[in-house]
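Right, one structure below, let's go through it.
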Amino acid sequence: MAPEHSLTLVVTDLVGIFVFAVTGALVAVRKELDVFGVLVLALTTGLGGGFIRDVLIGVTPPAALQDSRYLLVPVVAGILTFWFHPALGRIEKAINVFDAAGLALFAVAGALKAMDVGLGPLPATVMGLVTGVGGGMLRDLLAGRVPAILQRGELYAIPTAAGAAVAAFGREVGFGSLLVATAGAALCFVWRILAMWRHWHAPMPRGSASV
Amino acid sequence: MAPEHSLTLVVTDLVGIFVFAVTGALVAVRKELDVFGVLVLALTTGLGGGFIRDVLIGVTPPAALQDSRYLLVPVVAGILTFWFHPALGRIEKAINVFDAAGLALFAVAGALKAMDVGLGPLPATVMGLVTGVGGGMLRDLLAGRVPAILQRGELYAIPTAAGAAVAAFGREVGFGSLLVATAGAALCFVWRILAMWRHWHAPMPRGSASV
Amino acid sequence: MAPEHSLTLVVTDLVGIFVFAVTGALVAVRKELDVFGVLVLALTTGLGGGFIRDVLIGVTPPAALQDSRYLLVPVVAGILTFWFHPALGRIEKAINVFDAAGLALFAVAGALKAMDVGLGPLPATVMGLVTGVGGGMLRDLLAGRVPAILQRGELYAIPTAAGAAVAAFGREVGFGSLLVATAGAALCFVWRILAMWRHWHAPMPRGSASV
C-alpha cells in the first residue's frame, strides 16, 4: 500500500478511536463517574475492541501499546468530554454518524488484520465484528449495564458483521484489499445510518413482548 | 492418539460447545435480547472458556478461530434456540445432563491442554476449571447478572475442579492421557449429576443467611 | 539485580497478592457467595491485574501459572477470609493500608515489566495502572457492581498511575530500576494513604451532584 494510503488509514483509525472514546466518556459522565472513570471508559471504548482482537489473534503487544498516539487520542477525547459534555449532548446525532463511520472502519480493518495472520474468512468476520463492537461492550460492562448491542435498538452489530464479511470473503476470492475494505465499510456505514433513520430492528424470539 | 480417538474428541468437543451454546442462547431469550444477542451469548458461552484458557496459556489464535466448525456449531445452536426455545424450555432437565457432560469434557480437555504447553498440575487444574466454567461466567456477565456459579446452588465448580485435578495430577504421576481423562470426566459428571439430584450445596461463610 | 533483591521482590509480590485476595474474598462474603465464590474472587482479585498485563504484553503463560506459590497464596487468603471474616471486618483500616502497599508495588512492578518487553514509558504507565487496579475491577464486575475505582471515593487510581509513571519515565531517562521503583512506590503509597486520611476526591464532571 502506498504511503498516502497508510497515512489515510492511521488518520481514519485515530478518528474512529476518538469518536468511540467520546461515546465511552459520555456514558461515564451520565453515570456520574469522576474524571478517572471518564478517562478509563474513554480508553476502554476507544481501544478495547482492537485489544480483544489482537489478544485473540496473538498479535501482542497491540499496536495501541506501541504507538503513543493511540493512547493520547482517547485521553484527549476523555478530557474534552469531561469539560464540554453539555455541548456534546446537543450534537448526539452527529456523534452517531461519526460512530457509524468508526464502526465501519474498525469492522473492515479488524477482518483484514485477522486474515493477515492467517485466519479464514469466517473467523476473520467474527474478529471484524469484535473489533467494531468490543469496545462498546466493555464500556457497558464497566458502566454496569447490559451491553447496548445485545438489546433492542436499531441494527448495529448486523451491519458490522456484514461489512466485515464483505471485506473478508472479498479478499478470500481474490479482490484487492482497498476495494474490499471500501465496499465493506460502505455497506456497514450506509446500513447503520439507514437503520437509525428508519428505526430498523433485529427480529426478537417468539413470545417476547413486541417492541 | 489414534485417529479414531481424535475424531471422538472433536465430536464430543463439538457436542459440549453445542450444549453450552444452547444454555447461553436460552439466557438471551429469557432476557428478551434480539437475534443478535442470542447469537452472541451462544458463541460466548460455547467458546468463551476455551478462549480464556488459550489466551492465558499463549496458544493463539485459539483452535476455534482456525476450524470453522467450532464457529458454526454455536451459531446453529443459537438459531435453533431462537426458533424452538419453548420446546427447549420443556426439556431443561435433559439439557442439564448434557451440560454436565460438556462440563466434564471441557474440564479434562482444558487441564490436559495446559499440561501439553508445560504448566504444572495445579495451574493446569485451574485452567481446566476456567475452560469448564469460563463460558458460563462470560454469559452471565454479558446478561447483566452475577455469575451463577458464584452463587448458591447445586455444586457446579467444585466437581469441575475435581475432574480437572484428577486428569492433571493423574498425568503428572505417569498415567496415560486416555485413562486420566476418562477418570476425571467420570468423576466430574457423576458428582455434578448427584449434586443436582440430591441438591448438594457448597458451604457458606459463617453468618450468612441459611439456604 | 542481586539475589536478595529478587527474594524481596517475590515476598512483597506475594504479600500484595495476599492482601488483594483478602479484599476480593471479603466482597464475596458480603455478597453471600459460597466457598467457591470466595475462592474465585480471591484468585481473581489477587492475580487478575497481572494476568491482564501479561496477556496484553504477550508474556504468556503469566508467571502466576508457572509458579504454584502464586496460586496457593490467594487460595490460602480466601480460606482464611472464609473462616475469619468477622475478625477481618474489624481490622479494615489495617487492610486498607496493606492494600495501598500492594497497589504501590503492583504499579511499579507492572510498569517496569512492560518496559522490559520494549514498551515506551506512556504505555508502560498504563500497564502499571492495569496491574494495580485490574484485579479489583474484575472483582467488582464478577460481584455485579460498577468497579469501585470508577466511582466517587478517595483517590485510588490517580496515585497508582502517578507511581507507575515515575517508575517508567524515571527508567526512560536513565535512572536505575531500584531507585525508580522505590520512588514510584513511595509516591503511590503516601498519596493513597493521605487521600484516605484527608478524604481527597477526584474532580467530577460539571453538572454532577456535589459529593
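A, B and C label the chains in the order they appear, each numbered from 1.
The definition used in the following text is that a contact is a pair of C-beta atoms (placed from the backbone, for glycine too) under 8 Å apart; a residue touches a chain by one contact, two chains touch by 3 or more.
Which chain is which protein? Per UniProt: A, B, C = Trimeric intracellular cation channel family protein.
Everything numeric in this text was worked out from a predicted model, so none of it was measured.
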| item | value |
| --- | --- |
| Arrangement of touching chains [line / ring / star / complete / other] | complete |
| Same-residue or different-residue interface between subunit A and subunit C, half as cut-off | different |
| Centroid spacing, where centroids are CA-atom means, of subunit A and subunit C in whole angstrom | 30 |
| Subunit C: positions in contact with at least two other chains | 55, 141 |
| Subunit C to subunit B touching residues, read off their complex | 28-29, 31-38, 40-41, 43, 51, 55, 60-62, 64-66, 68, 71-72, 82-83, 85-86, 141-144 |
| Touching residues on subunit B, where the partner in the complex is subunit C | 55-58, 114, 117, 119-120, 122-123, 126-127, 137, 141, 145-147, 149-152, 157-158, 201-209 |
